[in-house]
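Structures for review follow.
Two complexes are shown next, each including chain A; its partner changes from chain B in the first to chain C in the second.
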Partner chain A sequence: MNPETMNELINYLIFGSLAFIILASAIMVITRKEVVHSALFLILCFFGVAGLYIQLRAQFLAAVQILVYAGGIMVLYLFVILLVNRKVIEETKRSKSFKKIFILVGLVLLLEFVLIFTGTVLKEGVKEKIVEESFNMGSTEYIGGILYTKFLFPFELVSLVLLAAMIGAIVLSKRKI
Partner chain B sequence: MEGIVRDVIIALIKIAIVLGGVALGVAYSTYLERKVAGWIQVRFGPMRVGPHGLLQPIADGLKLFIKEDIMPRQADKLIFYLSPVICLVPAFAVLAVIPWGPDFYITDLNIGLLYIFAVASLGIFGIVMAGWASNSKYPMLGGLRSAAQMVSYEVSLGLSVIGALIFAESLSMVGIVEKQMTTGVWFVFLQPVGFVIYFICGLAETNRLPFDLPEAEQELVAGFHTEYSAMKFAFFFLAEYTNMIVVSSIATTVFLGGWGSPFAFLGIEFPRSLGIVKSVLDFGMPIFWFLLKVFLLMFFMIWVRWTFPRYRYDQLMNIGWKVLLPFAILNIIFSGLEFTLYEELDWYLFYPLAWLIMGVMVVFGFRLIKNFDQFSYSKMREEGIE
Partner chain C sequence: MIPLNWYLFLSAVLFIIGAVGVLTRKNAIVILMSIELMLNSATINFVAFSRYLNSATGQIFAIMIITVAASEAAIGLAIIISMFRNKNSINLDDYSLLKG
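Entry: the complex of A and B
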């Protein structure tokens, strides 16, 4: 076996196992009865995604993925889960009123993915171009540079949205300020 | 193929040395803790096992091995078993990027510091899950407290090193140390505020006194590890002391010049005539300086523990969100200005000016916090909220 095919084989193996981890843990998240177990599987899922980022040479994104999602947001999730009364969680789980909305949202998301993929990666020649361009897109310098030049406006807009969400959360939780 | 095999073997040897060294260091930092505590409280500390109690940590380890392993009946078994491991693994995984010496580190990632913060932030799950899985009231409260505390202090911890990163222009741990070697100035002299914030947050992240609310004895028995015994308890203990070493090592790397000698400015080099002794010294001295700095920081942490009383919970949250966070953000803004000055001015103009601005910033920051506090108190009084 020449080294190039071996490299490709290893790449596929890594991708396959990561994809398996992501899918399996995602299914576990929605099927577990105990909410805390779901949360733990969600963390595992985040790790799988971080692994995919590393395989794509986006180390910065991978570290941020773990730092923000696994280390930050999931801790808050767990915090909330532990604080909320178990009975409340079970009762909300049993109610089926949200089911239709969830299915609708899922279908819309699926459609969106199909549109994105047919529009970009699956087109002739686009894939090679993306692979070539994205070779050092994962580095911290590149992301920092592009965030503050080309995508400065969306970046600031996002931070404004987050600020609004923060103020909103404070206003909601504290009626009297 | 041969190259790969050789690389793997070298990496394994390095990992073995680092893990073994740190495990031994952890064992003996418990000894150090007890000796320093004894010294501060005018008593001897451990004296019985071995000369001056030197074999005490080993005896303790053996004792913990053969203790009965108790499992609460209502506990979630799998998570109860897993959580000590979840606590310990991140603490050890972080050691992979710590540069002990110029030629002695397991690996050098170009996102080194970010990797450390990402992995270290996972240790908290061990504590929360331990609290939850025990299915008992005190561990639960301890776990919740710890979750809130660590999330609060992680923010300031991350922000406090950004100032130093602006000067380092790199996230790689080796890169940060090398920058300090080439410019010849440790970042603690450029970023004293960042260093202080980092160290306080580090104490909080490792659940050390004065921030050890998750295991406050008089309120919560032993906090999240109340139900744990034998080796599972030892894992938590190990994780806490490993985290102490990790926090001290990061402080050493980012702020205290890493493996750099404090006498480097004298420009003394070992003479060539020493031959093999010179190469051994060249390899060993940086590691010695690194370990010395880590040891001094550890000593300082222990000193703090046996000096200060524990904070109340509301005080803890106030310090985290109302003091450390504003200062960390002010420090980032200041660092941008400082970096511009650093590039433009000569050192004899830069340092007085930078320290002057820094002093003004600290005074201004405290005034700001005080004013905010007074404002919110007066508001609360107006609204009639206590």
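Entry: the complex of A and C
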């Protein structure tokens, strides 16, 4: 086996295992009864997605994914779970009969996605223009460079969103203002 | 090189898992987590397209999505805390005030 095909095989193997981790832990997130278990599986899912970013040569985003998602957001979730969760919520009978309908809705949605992809993306194909290693697109240097020049306005806008979220969270969770 | 479609299918399946989670669960925190799953699937799409079209715009968008997800989590969890303070429950079946 020549090294070219060997490389390809390893690529597929990595993608397959990452996809398995992501999908399996996502299913565990929505099926576990204990909320803490769901949160821990969600962290595993985020790590899988970060691995996928590394495979897509987006190292900076992978680091951000782990730092912000698996680090920041999930700690917030776990704190709120500790504050709020006292007992496992029993699913009522009414919601159980709805559950089958909703899973059916999900399957229909999946079928729709498959039809769209096979109808357009697969048939025509995206005009892929990969330039191998011409420049390091996912590096912090390059991302920072275009974030502060070409995308300065969205960057400032998103900082306003964060400010609004911060004020909103403080106002909502304060007992008396 | 892995075909782009594989990434698209992966993110579609992840999105549907998140959507089914939002529809079936009654716990408000799990519903928020399912929304995070759906946001992640969108991010995978952006990053995959950025790689295959050789443009960094997708990665910038992914950063924006992560920021919005962070603020969404903060606001959502604050709402859950104030819900819990009012009714001592985060089961969404207990919140049917608007039901006629």
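Everything below uses one rule, namely that the second predicted complex is superposed on the first by the 125 of 177 C-alpha atoms of A that agree within 3 Å, B and C clash if a C-alpha of one lies under 4 Å from a C-alpha of the other, contacts with A are read in each partner's own complex, and residues count from 1 in each chain.
The definition used in the following text is that a contact is a pair of C-beta atoms (placed from the backbone, for glycine too) under 8 Å apart; a residue touches a chain by one contact, two chains touch by 3 or more.
In this text the structure is predicted, and so the values were computed from the model without any measurement.
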Would you check which partner chain A:S38 touches, where first means chain B only, second means chain C only, and both and neither mean what they say? second
Between chain B and chain C, whom does A:L76 touch in the aligned arrangement: first, second, both, or neither? both
Give the label of whichever partner, chain B or chain C, reaches more residues of chain A. C
Of the two partner chains, chain B (first) and chain C (second), which one does A:Q59 touch, if any: first, second, both, or neither? first
Considering only the touch criterion stated at the top, classify A:T140 as touching first (chain B), second (chain C), both, or neither. first
Looking at the overlay, what does A:P154 touch: chain B (first), chain C (second), both, or neither? second
Report, in rising order, the residues of chain A that make contact with chain B in one complex and with chain C in the other. 60, 64, 72, 76, 83
Name, in rising order, each residue of chain B that touches chain A in their complex. 76, 79, 109-111, 114-115, 117-119, 121-122, 124-125, 128-129, 131-132, 140, 143-144, 147-148, 150-151, 154, 158, 171, 379, 383, 385
Which of the residues in chain C come into contact with chain A in the complex? 1-2, 4-10, 12-21, 23-27, 29-30, 32-34, 36-37, 40, 43-44, 47-54, 56-57, 59-60, 62-64, 66-75, 77-82, 84-85, 90-91, 93
Given the complex, residues on chain A that touch chain C span 8, 11-12, 15, 19, 22-23, 26-27, 29-30, 35, 38-39, 42, 45-46, 49, 52-53, 55-58, 60-61, 64-65, 68-69, 72-73, 76-77, 80-81, 83-85, 89, 91-92, 94-95, 98-99, 102-103, 105-106, 109-110, 113-114, 117, 121-122, 126-131, 137-138, 142-143, 146-147, 151, 154, 158, 161-162, 164-166, 168-170, 172-173, 175
Residues of chain A that touch chain B when the two form their complex: 34, 36-37, 40, 43, 59-60, 63-64, 66-67, 70-72, 74-76, 78-79, 82-83, 139-140, 176-177
